[in-house]
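One chain, subunit A, appears in both complexes that follow, with subunit B as partner in the first and subunit C in the second.
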Partner chain A sequence: MKLYDFVLSANCYKVRLLLGFLGVSYDSEVIDFHPGKEHKGEAFRLINPLGHIPVLDDDGYVLRDAHAILVYLASRYDPGRSWYPVTDPERLGSVAQWMAFADATASTASATRLHVNLGYDFDVDERRAAAHELFRVADEHLWFGERTGNDWFVPGPLPTLADVAVFPDVVLAEEGGIDLMDYPSLVRWTGRVKQIPGFSVMPGVFPFERA
Partner chain B sequence: MSDVDLRDEAPTGWFPVATEHDVIARVVFRGQLDGRELAVWRADDGFVNVWENRCLHRGVRLSIGCNDGNELVCRYHAWRYANRSAGCTYIPAHPADAPSRTITAQSYAAVERYGLIWTTTNGDEGSVPDIGTLSGPRLLLRSLPVNASPQTVREHLGSHRFLPAALLETGTAASADDAEVVADHGESWVTITADAAGESSTAVFFVQPVDPHRSMIRGVLADAPADEIPVLRHHAYELGRLVRKIEEAVEEPAERTPPRGFETPVILPANPWGHQRATLSMVVDRKAAVAADIALFELVPEDGSTPPTAQPGAHIDLHLRPGLVRQYSITNGPGETDRYRIAVKRDPHSRGGSAFLYEAIEEGDTIEVSPPHNGFPLRRNIPRTTLIAGGIGITPLIAMAQALDASGMTFDVHYFVAAPQQIAFRRRLATYTCEFHVGLTPAQTTDTLLDILGTPTPTRQVYACGPPPMLDALKAKARALNWPADAVHVEYFENTNEIATDSSFVIDLARSALTLEVPSGSTMLDVLRANDVPIVSSCELGACGSCAATVLGGDPLHQDVYLNDAERQGGQVVLTCVSRASGERLVLDL
Partner chain C sequence: MPIATRETTDPVLDGWHPIAASGELSMGEQRRTRLLGEALDIEIDLLGNASVARATAPAEPLPTHDRYGYLWTCLGEPSIPLFEIPEVDEPGRRVLHAGTIGVHVSAPRAVENFLDMAHFPYVHTDILGVEPFTEVAEYDVHIDSINELWATDCVFWQPIAATTSTEGQMTDYEYRVPHPYCVILYKTSPIDDRKDVIALFCQPVDEERIEAHMFLCLLDASNSTAMIRDFQLTIFGQDKPILENQYPKRLPLDPRAETPIRADKVAISYRRWLSDQGVTYAVIPA
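For the complex of A and B:
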């Protein structure tokens, strides 16, 4: 299995996270996203005409879009069906809802990080404000989860793709100048995600540490 | 935006900075009060610490560190800070050195009330508001951040509305706008009573000043509904409405003011501890027999404060009566920071201290105590540690065992006693790898020490404390087995060497630019004291290392039992209480 990958990409990190949780081994094909803009080059357009990473190549089956890749990997490599709970329509719907939420954090929180770290031209104040709106909603959701004994974005005993999809943009948000101080439930949830067996880090993400 | 910069009139008094949900086990919460970032964490003993959110070393936020239940460990270089006292207990990059007592994180008083953690950053004046309404059943509501000044938030809270809890539990078509509300403005809070459909609820909303343009609303309902969730949801929704209303009313989006703590210089207090000066009045909170002729004393500060931080290996001086000052190792484990635990053996050969303590001091008595000094610091950069105790020499080692255990490090304990009833700390030792060596002759003891030592490896270190003949034998055997001097650490309780005082010599004090004569019959320490040269001392027998001075010139004549062979041969340090010059002159870095 090959992942077209870039270490600093939050979207690639999602896929690497799930591969780690599922215990699936893979090879990283590093795309020089910055500064080479290799994902926008002619050669890469052959793999993804949209010019985005990540792209997964599983023995010839080529799939683009981080969330699509998450759905594919969970459906194929999670025999317990816990990450993508297809047998439970309500939980499945909730997973899709929070994955869509993660699309919104990608265009806000993640964009501020690209602005700060890689010099992308966004109206960063507007994106930060929009990210704060999203994080308020997520924090409230998780706060009520804590009151009712639910650790994860989608209620249930085990984490789902919703947690994988939302995690990178939240845990990296402070790189984009979005202070997480107002979202203690969200911060505590990142601590729980870090304790899922198979968790992997990336630059800017600390592992969970017990002294 | 308001022109008022609240920093010019910093809010005084007590404010909530976290909820009980935020300070859960093994988590560090990041809060902020009046621009000052705080690290808030609960230790396993239940104590809540509110500290300035920065490591004294490199300024990294302590809130990203690790709460191990007893200590907060900085994420960057793993400096460890103790529960309650906030003192640094260990610096991994300097494993051989005991951190100075002045390395103490800035801590603030903390009080838990109404499910909230309260603190004050302007001294300890005032107290947590006493709200009678909340003395009965209560429900902590979801706190909400607002991008508006505390003043603005308090004004708007006057128009806040919600439905009585009783209506929400049964389900109602009523809207919060139907409620009749009465708002009562306190200093930094607003009490709101809402009436609708014959029911009534009262809630108190405390306003935490985060910075001049940001606040946190922390609400507490004076009621304990059986079904909490609908009530919590209603309040979260209504308060969310209010927050949006406030933020729309604030003309410009709030600017996030950078945290203020970083501008404030850390002012380390001048060392207030002179030589042999007792600065703590401590009360014997508990006295208990822990083995034959061994009593455990638990000492707590008379004024209810947290005693200065003690590290494993540290001792305190007990001032029993004029001229009778004795050292006792602190046996506390990590996190036991509200008291000092010492174990005292009634020794028939006692110079008077232990017998006096054991027999005459009872619970409720007050003892003058010096802050801890650590001449026997535990290095935690060696994978395996062997702790060798002879009799009451277990005391510093039991503290070390607990610290090693808490850090998940490998260690074993060897405990030599004359008879089984002399074994102290039995229950604690039972959970460790511990071997008891009971009733051995001196020759058998030496053979056993030889077995325990074995071939030295770079991954193993030894700490030993016990009677001088046993430590002498251990050192001799370690030398014979080629153990490096810095891997075998011993602490003597007493110095049984014959101390010669008949020579006379001169000491040059390089820093003080003084030349002093040490006559026959006097010690360097006596002469330094007589000339008001500040120097710390403790046992004054050449056993504890407190009075060590750096030698810049001349050869010392060592008469102590504190320095190891390498230090002795290096000639760069001398204990001023017993040692002398071998020639006519010593130059000291004093």
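For the complex of A and C:
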């Protein structure tokens, strides 16, 4: 299995995280996203005409879009069906809802990080404000979950793709100038994600440390 | 406050500073950047020549220099020549821009972190260091005849010293600080008797922010540009949160400000060297 990958990409990190949780081994095909902009080049557009990473190539089956890749990997490599709970319509719906939420954090929290780190041209104040609005909603959701003994975005004993999809943009948010101090439930949840067996870090993300 | 409006003899004002990776500028491009608290406009004409001007009305043209793969400019009198890196002309070397990353830190804090070996096992675990090999052995620090600061005879055990590594090695390091905000590292190549050259050129956006330009001059003919950049960006990405969590963001030059340990010998010398030159920008003067 091959992942077209860039080490500092939050979207690639999502996929690497799930591969780790599932214990699936893979090879990284490193794309020179920065500074080379290889993902926008002609050669890479033959792999993904949209010019985005990540792209997964599983023995010839080629799939783009981080969330699509998460769905595929969980459906194929998680025999327990816990990450993508297709047998439970309500939980499945909630997973899809939080994955859509993660699309919104990508265009807000993740965009501010691209602006600060790599100089991408965004209205950073506007994106930061929008990210704060999303984080408030997520923090509140998790806070109520904690009150009823739920550790994860989608209530249930085990984490789902919702947690994988939301995690990178939250844990990397401070690089974009978004302080997580006001979101204690979100911060506690990142600590729980870090304790899932198979968890992996990326530059900017630290392993779990007991306080 | 922009440095140029200050009553100052700070050498930072008359020094050259990097403002872009030349290879990332395309013909006809106009780009705005910031240096020492001021907005600058970079323009590339249709012949590929770069011009730089203060983004004022009317625009005030500034001197430029294209070297080591970067565009440099100076906001004062360009009386201090840009330092030399003779290795770029040696055969068999690969000169490469690894990337530019914006960091919420002062330039001297970034230089000081670059000079620090003690953090390798904890921050760059399994790459530039690994426990229990955490000791920083005694090394030498001196200032040479052209007032560049050196730390020599540094050694450190490294599991993966470079993209060319196939096994762990005892790596020899020499650090060179030829400019208040630029630092060069010479380290043992896993495959050549000469040393790999790795440099951090900080563009001081203001006193608490930099654009970090990463320069490489390597003995590595086999790895792809993508792989070499991946290695450097991984290391720098690991440093970034550490840098951004240092307070105060400006570097205190008062020797009593932060408690020194042996590993900090070069850091202490760097602070004194900045102080002796009269650097005031992005530091807290003693």
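Operating definition for what follows: the second predicted complex is superposed on the first by the 209 of 211 C-alpha atoms of A that agree within 3 Å, B and C clash if a C-alpha of one lies under 4 Å from a C-alpha of the other, contacts with A are read in each partner's own complex, and residues count from 1 in each chain.
FYI, contacts are C-beta pairs under 8 Å (C-beta built on N, C-alpha and C of every residue); 3 or more make two chains touch, one makes a residue touch a chain.
It should be emphasised that the depicted structure is a prediction, and the values quoted were computed from it without experimental measurement.
Considered on the superposed subunit A, subunit B and subunit C are sterically compatible, since they fit side by side. Contacts of A:Gly119 after superposition: subunit C is touched, whereas subunit B is not reached.
In the superposition on chain A, contact of A:Ser200 is made with neither subunit B nor subunit C.
In the superposition on chain A, no contact is made by A:Ser82 with either subunit B or subunit C.
Residue contacts after overlaying the shared chain place A:Ser107 against neither subunit B nor subunit C. In the superposition on chain A, contact is made by A:Pro35 with subunit C only, not with subunit B. Within the superposed three-chain model, A:Pro184 lies in touch with subunit B and out of touch with subunit C [touch as defined at top].
Of the two partner chains placed by the overlay, only subunit B lies in contact with A:Glu209; subunit C stays clear of it. Contact with subunit B, but none with subunit C, is seen for A:Glu146 once the two complexes are overlaid on the shared chain.
The gap separating subunit B from subunit C at its narrowest, counted between C-alpha atoms of the superposed chains, is 5 angstrom. Residues 206 of subunit A are contacted both by subunit B in one complex and by subunit C in the other.
Taken together, the subunit A residues at the contact with subunit B in this complex read 125, 129, 136, 140, 143-144, 146-148, 179, 181-182, 184, 187-188, 191, 206, 209-211.
Across the complex, subunit A is touched by residues 21-22, 24, 26-27, 29-32, 64, 66-68, 71, 73, 75, 142, 145, 216, 228-229, 232-233, 236, 240, 253, 256, 406-407 of subunit B.
By the touch criterion given at the top, residues 21, 23-24, 97-102, 104, 211, 224-227, 229-230, 233-238, 240-241, 244 of subunit C touch subunit A in their complex.
Per the touch definition, subunit A reaches subunit C in the complex via residues 6-8, 30-32, 34-36, 38, 116-119, 174-175, 177, 202-204, 206.
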